[in-house]
Amino acid sequence: MSSATPPTATGALAKREARLAWALLAPTVISVSLVVILPLLAIIWISFKPFTLSDLRPPAPIVRESLRGSGDDMRIEYRLRNSSQEIAIDGVSFSDVLPDGVTVGEVTAPCVLDGQQLLCDFGTLEGGQRERIRIPITVDGDLDAFEDLVENSEPDVTGSGPNVLTNLDFSLENFARVFDGSEFWGVLWVTLFYTVFGTIGALVMGLFAALLLNKSFRGQGIIRGLYLFPYVAPVIAVAFTWVTLFDPFSGSANALLVQMGISSEPINFFGERPLALIMVTVFEIWRYFPLSFLFILARMQSIDSSMYEAADMDGASPFQKFWLLSIPQLLGILSVLFLLRFIWTFNKFDDIFLLTGGNAGTRTLTVNVYEQAFAISNIGAGAAVAVVILICLIAFSFVFFRFISREEGL
Amino acid sequence: MGSIELKAVEKWFGSAQVIKGIDLQIEEGEFVVFVGPSGCGKSTLLRMIGGLEDISRGALSINGNDVTDHPPSKRGLTMVFQSYALYPHLTVAENMGFSLKVAGVSKAEIAKRVGHAAEVLKLEPYLERRPKDLSGGQRQRVAIGRSIVRDPTAFLFDEPLSNLDAALRVEMRYEIAKLHQSLNRTMIYVTHDQVEAMTLADRIVVLEFGTIAQVGTPRELYERPANLFVAQFIGSPKMNVMPCSVSGDRFQLDNDGAGPFDRTGAATKLGIRPEHITVVAPGAGHSDGVVEVVEYLGADMFVIVDCGTGEMVTVRLGGDTDLKPGTKIGLHFAPDKLQFFDADGQAL
Amino acid sequence: DTIRFWTTEEQPERLAKQQEMADQFKADTGTTVEVIPVTETDLGTRATAAFAAGDLPDVVYHPLQYALPWAEAGILDTEAATEVIEELGAGTFAPGALAMAAFNDETASVPVDGWTQMVVYRKDLFDAAGLDAPSSFANVVTALDALHNPPEMYGFVAATKVDENFMSQVLEHVFLANGVSPVGTDGFQALDEAKTTEVLHFYKAISKASPPGELYWKQSRELYFDGKAAMIIWSPFILDELAGLRDSAPPTITNDPTSRDLASKTGIVTNFSGPSNPDGAAWGDVRYFGITNDADTDAAMEFVKYAMDQGYTQTLAIAPEGKFPVRRGTADNPAAFSEAWAQLPVGVDRKAPLGELYDQAMIDEIVNGLDVAQRWGVAEGQLALASKMINSQAINRVVRQYIDDEIDAAAAVAAMNEELAKVQ
Amino acid sequence: MHKGYLTGPVLGALWLVVIATTAAITLSFSTGAAFRPQVLLCLIWGAIAGLVYVRFPMRRAPARLGISALLGLSGLTGFGPVLIGADTSVQAVLVTVVVMAVVMHPSLAAILKETPFAALTRHEFEDAVIRFCTGFGYIFFTAIVVIPFYVMVMTSLKSQQALLQNPLDFSVDLNQGAALFRSYTELFRDFNFGTYLWTSFFVSVVTVAITLAFSVPGAYAVARFRFQGQKAFSRSILLIYMVPMIVLALPIYIAFSVTGLRNSILGIVMIYPVTTIPVALYMLQGYFRGLPTEVEEAGLMDGLSRLAVIWKITLPLSLPALASVSLYVFMIAWNEFLLAFMLLDDPSKFTLTRGVTMLNSSEIPRQHLMAGAVIATVPIMALFLGLERFMTKGLTAGSVKG
Amino acid sequence: MGSIELKAVEKWFGSAQVIKGIDLQIEEGEFVVFVGPSGCGKSTLLRMIGGLEDISRGALSINGNDVTDHPPSKRGLTMVFQSYALYPHLTVAENMGFSLKVAGVSKAEIAKRVGHAAEVLKLEPYLERRPKDLSGGQRQRVAIGRSIVRDPTAFLFDEPLSNLDAALRVEMRYEIAKLHQSLNRTMIYVTHDQVEAMTLADRIVVLEFGTIAQVGTPRELYERPANLFVAQFIGSPKMNVMPCSVSGDRFQLDNDGAGPFDRTGAATKLGIRPEHITVVAPGAGHSDGVVEVVEYLGADMFVIVDCGTGEMVTVRLGGDTDLKPGTKIGLHFAPDKLQFFDADGQAL
C-alpha cells in the first residue's frame, strides 16, 4: 500500500513556490542587509578601534601650485603638506607637466625635470611637515593666461597614510572608556528608570483610556482620534511644545503652578535633577499611551461580550468583572505590549535628545552614543556604547521571542 | 418556585419593535422551548427574561414578584449561552464556582457544590483544565454546570447545542432531557432546531416576528397547527401546501385534483404532510403528478412530484420503490390528515 | 565660480546683511558666495564631519576657540590666511587679535571683530541701595546680600548649563578676574588651589543667588529684561535689545516693548577683579574668517580680503554693538574703520546709534574693554591647549558639581586639575 | 463606605475639586487672568452638594438646582470653589459662575444617579465610583492631549513679548487680521519653509513608493509561500524592527560621509525606505495572511500564474491595507527627525523637521519655533483626521514602533 | 473527456501522512462524492486533484495524461469552494468571465458564454452586482457559474453548500443534481452531509483517515456496508451495533438475546438499523430492553431502549405509540437486515 516514510523530494508546486518566494524577497533582503546588517557589523568593527571623527579622512599629502613673483623673479611654487599633524605618510611624490612656452631654471632635489615633466619624490612626510618647491621660470607670452594655465593644472600626488578604519589594529580602549568610572552605571540607571517607568506608565494610562472608550457612543471616533494625537504628531513639534510649556521663566505651566499657589517659584522642569528625568519619562508616557490604548482597546473589543453577560448573570459587580475577568484576559496583550514597548523605549533617542539633550541626569544609553560619537567626536566610543545597546537588545529579543511564541500573535 | 409570567412584554430597539406584546405563563418545572425563524426575537425574549435586555414595556414576574426592573443578578436565573461564554482564564472548577465566589460563599461550600455538579455532569476528570483544553461538548457541560451550581429558580438556554456537531448534539440533547427530569426545574430553551424543540419541550412557543404564532405541546403543533406558519415551520420535510378552493363539501385543487371537505370556512390552502401521501395509479388519487427527482436516503425515499400547482409536492415512501423520474403517478392523501387554511393562513 | 561661506551669524536679519555683502562681492568679482548659516554649538562637529567627508566650505566665520585646534587638525589653510593678512597689511590689525591666532609663524585665520564680556547691572537699584558698581568679587557679593529677594528679584543669573559655551565663557571670565589660568608657558599648569577656591566660593555665591536649574544666556537675558535680576554677565550684543530695538527679545519690565527705560537704568562693568588679582581682567572674544584647506584658495582669499576691506563696514554693521573692529583702518587711513563703526546704527526692528542710547562714558567702557581683553593661553602661547581644555567642558562639569554641593572646594580643584592634565 | 450619605459627599467633594481645577485652568488659559481652585472650600462645598444630591432624588429637583446655583454664585464672594483674581473682567467672572453651576448640576446628577441615601449595594457603590472615574478620565485625558496642542498653536500666534509678560494669556486679538499669522509669513518668507514643506512632502512620497515596491512582493512571499527559512525570515523582520535607529545612524553617517551622500536629498531618500520596509513588510504580511486563500486559489484554478494572481487579485483586494501602510509610512517619513538632523547640513536641503530644529537653536523668537511646529504638525494631523480609519488600522496592524 | 485516475496517491505534510495511498478511477460524466469524518483528508484529496496541493507520491492522470506535476491552470478543472471565493472587487459578470478574459477570449465570446451560464443559473438580474450585494445562495450560484463558463473537463466541489441554511441547501442540492443531468460532466463533490452524498452521488467514496473505507453506490453503502465504519457512518439515526458471539448457526447477544446466524466467519458485532426493529412483547423478540426516552418527531417516533449491552438501541417507529419511559419491551430484528462484523470491523 503506502510507504511509511515521508518522501524526500520536494513537489513541483513547492519548488515553484520557493523559487518565486526568493525572487520576490531578493530586493528586500539585499537592501535591508546593506543598510541594516552591514552597518551593524561595521559598528562592531569600529567599536574595537580608536576611531575619531577626524580619522574618517586618512592623512594624505596636499599639494598646492601657484605662480609667484613677477618679471625676472618668476617662479612656480608647489607647497606640499601633510594633512595630519601627527601621522607620517609614506611614499609621497608628485608629478606635474609644466605648460609649454616656459623656460625652466634650476631644479633642486628632490625634484627632477624630464622634458616638461616634473617629478618630485619626498619619501616619508612626517606629521605636520611642509615642503615648498620653487621652480624658477621665465615665461614668454601672456602672463595672465599663463597663470590660469599653471593654477588650473593639478599635479598628480601619490602617497598615503595608514587608514585607521581599515587596518587591523584593535583595542579595547573604547570599552574601557565606556565602562570607566561611575558615569556608565549612571547612564544605565537612567536608561532603566526611563524604560521601566515609561513603559509601565504608558501601559497603565493606555489601559485607563481604553476602559473609558470601550463603549460605543456618539463621538467615540473623534475622541479616539484626539487621544492619538500625541503619538501621531511629529516628535519635534511636541517636544519643543513641552519645552516651551514647561520653560521655567516664560512657560505657561509654571505660571499656572505659581498662580494656583502650588509652587512659590518657577520650577525648572527639564533642568533639574531628578525632576528632568521624571519629566522626560512623563513625556514618554504622554506620547506613547495612545499606542497602548489602541492595542488594549482592540483586544478589549475582541473579548466575547457574552462572557460579561455570563458574569452579570453570575452576579459579579463591575469591579469584580474588571479584576477577575478583564485583567486576566488582557494580561496577554499587556505583557506583549510591555515587552515591545520596553525594547522601544530602551531604544528611544529623539525624545530625550530634543527635550534635554541628555543633560540634567537624563542621559540614556542611546543619547550617550550620540554624545560620544558627535559631541566628543569619538566615534569609536560611540560605537562601543552602541554595541552595549545591541547586547542588551539581543537579550531582550530572546525573552521576547520566547514569550511571543507562547503568547502567539500580535 | 419557578413560575415565570410575561405580561404584554414589548421590546423596542430605537424605533424598531422586536417583541410585539407577548403574554406567556410558564409553570414551575416546565420545559418551554422557543422556536422560530432567525431574527424573530427568540434570543431577545430570553435575554429580557434573564435581565440582560431592558423590558421596554410590560411586566415580568418570577414566582409572583415583579422583577421587571431588577438586575440579572437579582432574578435568580441562570443562562447557558450558545458560545458557552466560559471564562477562558479560569479552570473548570473556578468557572463553575465563580458565581459563588463573587457572592462570598466559603471555599469549602464552593468545593462541595462544584463537586456535586461535576458529578452530575461527569466532569470530575476535567476540573483542573482550562476551557480551551476541552471539547465542545465538555465546554457546554461546564456551562451547564455553572448554572446548576447556583441552584437557580429557572434555567435559560440560548441555542446551547448549535455549535456542536451532529452526533454530539444528539448526545447532549439526551443529557439536557435527563437533567430536566432529575432537577425538575423550570427551563426555557431557545433553538432553531425542530428536532430539539420537538424532543425536549413540554410546551413549544413558536415565535413569528416578535409575536407568538402558537403555544402548545409538540404533538398539538404537529397535528393541529394553528396556522400555515406553524404548519410549515414544524415538520421535516415540510408540509406540502397547495392552493385550493372549496365548493360545498368538496375541495378542488388548481390541477383538477379534488376530495371531500369536512370543515367549515373558506379554505384557500390545503396542507398535507409527506408521510400522509401514498402513491397510487394515475387518476386514482386526489391528484396526479410527474416524478421529478427520487431521493434515496436509506431508510426513506423522498419522491419529489410536480403536480402543476407551482410548488413541488414531496412524498415520503418507506423503504424501496422503483419510481423513475418522469413517471406519471397518482397521489392519495390520507383524508383524516388533511389540513385546511383560510386566506389569513388560519387553520380551519 | 561659487564659494561656500559658513557663518555663525544665523539670525535672518544678520544673514540678510551678509548675503547683501556677498551679492556686492559677486557684482565686483563674478564669484558667487553661498552664505550658509551654522548654529554655533554645532560648528565644531559639523566642521569635523565636513572635513572628514572632504566637503569643507571655502570660508568659515568662527570664534577664537576653534582657530588653533582647526589649524592643527588641518582644517584651516593658515598660509592663505597669513597671505591675506599680509596683503591687507598686518599693521592695520589689532595686534592682540593677531597674536591670539598665531600658529607656527603664521596666523591661523583672519581676525574680523571682537567684543568683551561684561557685567550688566541695575544701576538704579545699586544707586538706591548705595552700592558700588559690581567691578569685583567683593562688590558683587555685597550687592547680592542687599538685592537678592526671590522670586521678585534674583541677585544674579549665573550660567549653570554645563554644555553651553556660555558657561565656559563666564567661568573663564571669573577665573581670569582672579588671575587663575590652567596653562603656563610650558602647557598645562595646575590651578592654584587658593585662588581657585576663591573663584569657586564666588561662583557658588552667585549661583545660589540665581534661579534653580540649567541656566545660560537665554535665562539671564529673560530675567534681566523682566526686571527680575540685579546682575548678569553678558556680551555687548545685549545692548540693542536692552534699549527695546529688537522685537524678538523685548524688555518686559514695562508693558512697552520698545521702551528704553531699562537701558537707562543699566550700568556695565568690563574689567572685573578678584581678591588675588586687583588689576582685574576682561574676557574677550575675537571672531575670525578661516580659509579651509579644501577651499578654492584664491576665490576664498579674494572674498576674505573684500569682507575685510571694501565690505568691512558692512561686516561690522551686522551687529555693531557686539562687533568692535579689529582692523582699525587701512594703510592710508589708520582709523577709517573705527570711525565708520562709531556711526553705525544698532538694532533690528528699530535702529539708533549706540551714542544715542547710552552715555559716552559707558560706551567708552565697553570699547576699551577690548584693550584689556584676555584669554587663557594667549600670553603664554598656549591658546590651542587652553581652547581644548575649554572645549572638553571639564571645568564646567566640576564647577557644577561643586555648586550643586556634591563635592567640596579642595576636591573640585583636584578634580579639575586631574581632568585638565589629561587634555593634550 | 457603602452608605449613600457617605458615598455622596465624598464623590461630590472630589468631583468639585476636579471641576474647579478644570474650570480654573481653562479660564486661565483662555483669558490669562488669575483663577485658582480653592481645594479646601471645594471639598466642603462638594460634600454638601453630594449630600443634597443623594438625599433628594430625581423628583425633588429644586433642592438640587438650588445647591448648584448657590455653588456657582459663591464664586462671586471669594468663598466659592474657584477664587477669581481681582482684575478679572466681568464677563470672565460671569462665565465662571455660570459654568460652575451649569456643569455641576448635570454631572453630579449623573454620577449620583441611582445612588440611594441609605445603604448601597456593592453594585450601586461601584457604579457611582466608576461614573466618577469616567468623568475624571475624560477630563484628564482631554486636558493632557489638548493643552500642549493649544499652547503650540496659540504661542505661534502671539508675540514673544506678550507671552513673556503673561505666559498664561493665550487670548489673541483677532482684529489684527493677517498680522496674526506674522510668524507663519516670516517662516515662509525668510526661513524657506515653503521649500522645507515641499522637500518633506517629496521625501515622504518617494519613501512610500519605494517602500511599497519592495515590501509588497516580500510580504506576499513571507505570508503565502512555504519555503525553507520562511519562519526565520518572519522573525528577523521583527528583529530588525527592534534595532535602534541611533545605532544604525552612526555607521550610516560614516558611510554617507565617505561616499558623499551625506547632506543630499538622495541620501535621505535612499535611507528612509530601509527604515520603513521592515515595518511595512510586517504589516502587509499580517494582512496578506488574513486574506482568504480560496480567492487566490480560485484565481489559480481560473488559469492565472502566481504573479498574475498577486497583481490581479491580491493587490486590488489589499487596497485598504496598502492605504493604511502608505499612510503609516508617510507618517514615519514625515516625522523622521534623527536622520535628517544628522545627515542634512545645508538649509537649502532641509526637511521640515530639520528646519524646525534650526528654529530652536538660535535667538529666533519662540513663536517662530511654535509656528514651525504647527506647520510640521498640521499636514499629518489633517491626513490623520481625514483618513482616521486607515490610519488607526495602520497603527494597530503595524506597529508598536516608537 | 473527463476521466480521472489516481494511482497510489499519497500526501505528507512534513512527517504526517494525510492521504495514505489512494487508487481511484473516476469515469467520464460520473458524479463522485467524497464523504468522511472531519479531518479524514477529503479536502486535501480534492485539492491534490485540482493542483492546489502537491502530490507527494503517486500519479494523477486526467483523460489518460499524467498531470501530476502540472500547475492548476493547466489541468482544465474548475473548483467551487465552500466560502464561494468570489472576487469581491469584480461584478458577477466579471467574476464569471474572469477565466476567459485571462485566457484572452474575445469580449463578445465572453459575453455570450457568461450570458448562457447566467441563464442556466437564473442569475441574469444580478450580473452587474458585486458579490457582497448577493445572498449566500446567489453567491454560490455565481461560483458555480464561474465554473460552467470555462466548460471544464471536470468540476470539483468542496462542501459547496455547508455555509447555506437548511432550506436553501435543499434547493441548491436539486439544482446541482439537475446541472449534472444537463451538463453530463464529471463532478467530484466533497461533503460531510450524508443526505447530500446519498442523494447526489453516482458513487460515494467513504474516506477514513486518508484511506478509502468503501466505494460504491449509495444503495450499496447503505445496504451492504463493507465494514463497521461505513455502516455507522452512513444512515441517520445511525445503525445500532451490539457485541455478539456466534455458536454454530446462532448468534448470541451479551444480554441473552439470540437469533439465527447465516453467514460464515466469527462475528463479534451485530448491526441493525433503527427502522428494521419492531417492538414486540417482552421475550418475544431477539432481545429485551427498557424504554429510556421516547422522542416524538411528528412523522416518526424514536424509542431509545436500554438493552443492557452498553450502548442504547434506537428504534424507529412510524407514527404513534404509547410507550412510556421505563416500560419493558421486546425487540424483534428483521432477520434479512441483520449485519455481522468480525473483530476487524469487516462485514461478513
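The first chain written gets the first letter, and so on, giving A, B, C, D and E; residue counts start at 1 in each chain.
The rule we apply is simple: a contact is a pair of C-beta atoms (placed from the backbone, for glycine too) under 8 Å apart; a residue touches a chain by one contact, two chains touch by 3 or more.
This one's a predicted model, so the numbers in the text were calculated from it and none came from an experiment.
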Inset, instruction - Using the contact definition stated above, find the chains touching both chain D and chain E. - result: A
Legend entry - Interface ranked first by C-beta contact pairs: A-D
Inset, instruction - When you average C-alpha coordinates per chain, which one falls nearest the overall C-alpha average? Tell me, please. - result: D
Inset, instruction - Return the chain whose centre of C-alpha atoms lies at maximal distance from the corresponding centre of chain D. - result: E
Inset, instruction - Could you grab the centroid distance between chain B and chain D? Build each centroid from C-alpha atoms only and quote it in angstrom. - result: 52
Legend entry - Whole-Å gap between the CA centroids of chain A and chain B: 68
Legend entry - Computed distance of Cα centres, chain E from chain C, in Å: 94
Legend entry - Centroid spacing, where centroids are CA-atom means, of chain C and chain D in whole angstrom: 42
Legend entry - Contacts with two or more other chains, residues of chain E listed in rising order: 51, 71
Legend entry - Where chain D touches two or more other chains at once, by residue number: 123, 164, 257-258
Inset, instruction - Please set out, as single numbers or ranges, the residues of chain A touching at least two other chains. - result: 14, 16, 56, 249-250, 317, 374
Legend entry - Touching pairs among all chains present in the structure: A-B, A-C, A-D, A-E, B-E, C-D, D-E
Inset, instruction - Write out the stretch or stretches of chain E touching chain D in their complex. - result: 50-52, 71-73, 77-79, 81-89, 98-99, 102-103, 146, 150
Inset, instruction - Name, in rising order, each residue of chain A that touches chain C in their complex. - result: 53-57, 62, 64, 79, 81, 83-85, 151, 248-250, 258, 264-268, 270-272, 357, 359-360, 374-375, 377
Legend entry - Contacting residues of chain A [partner chain D, same complex]: 14, 16-18, 20-22, 24-25, 27-29, 31-32, 34-36, 38-40, 42-43, 46, 56, 165, 208-209, 211-212, 221, 223-238, 240-242, 244-245, 247, 249-252, 254-256, 259-261, 286, 288, 291, 294-295, 298, 317-319, 337, 340-341, 343-350, 353-354, 366, 369-370, 373-374, 379, 382-383, 386, 389-390, 393, 396-397, 400-401
Legend entry - chain A-facing residues of chain C, complex: 44-45, 48-49, 51-54, 72-74, 79, 150-151, 161-163, 211-215, 219, 222-223, 226, 293, 297-298
Inset, instruction - Please name which positions on chain E make contact with chain A in the complex. - result: 8, 10, 12, 14-15, 17, 20-21, 51, 53-57, 68-69, 71
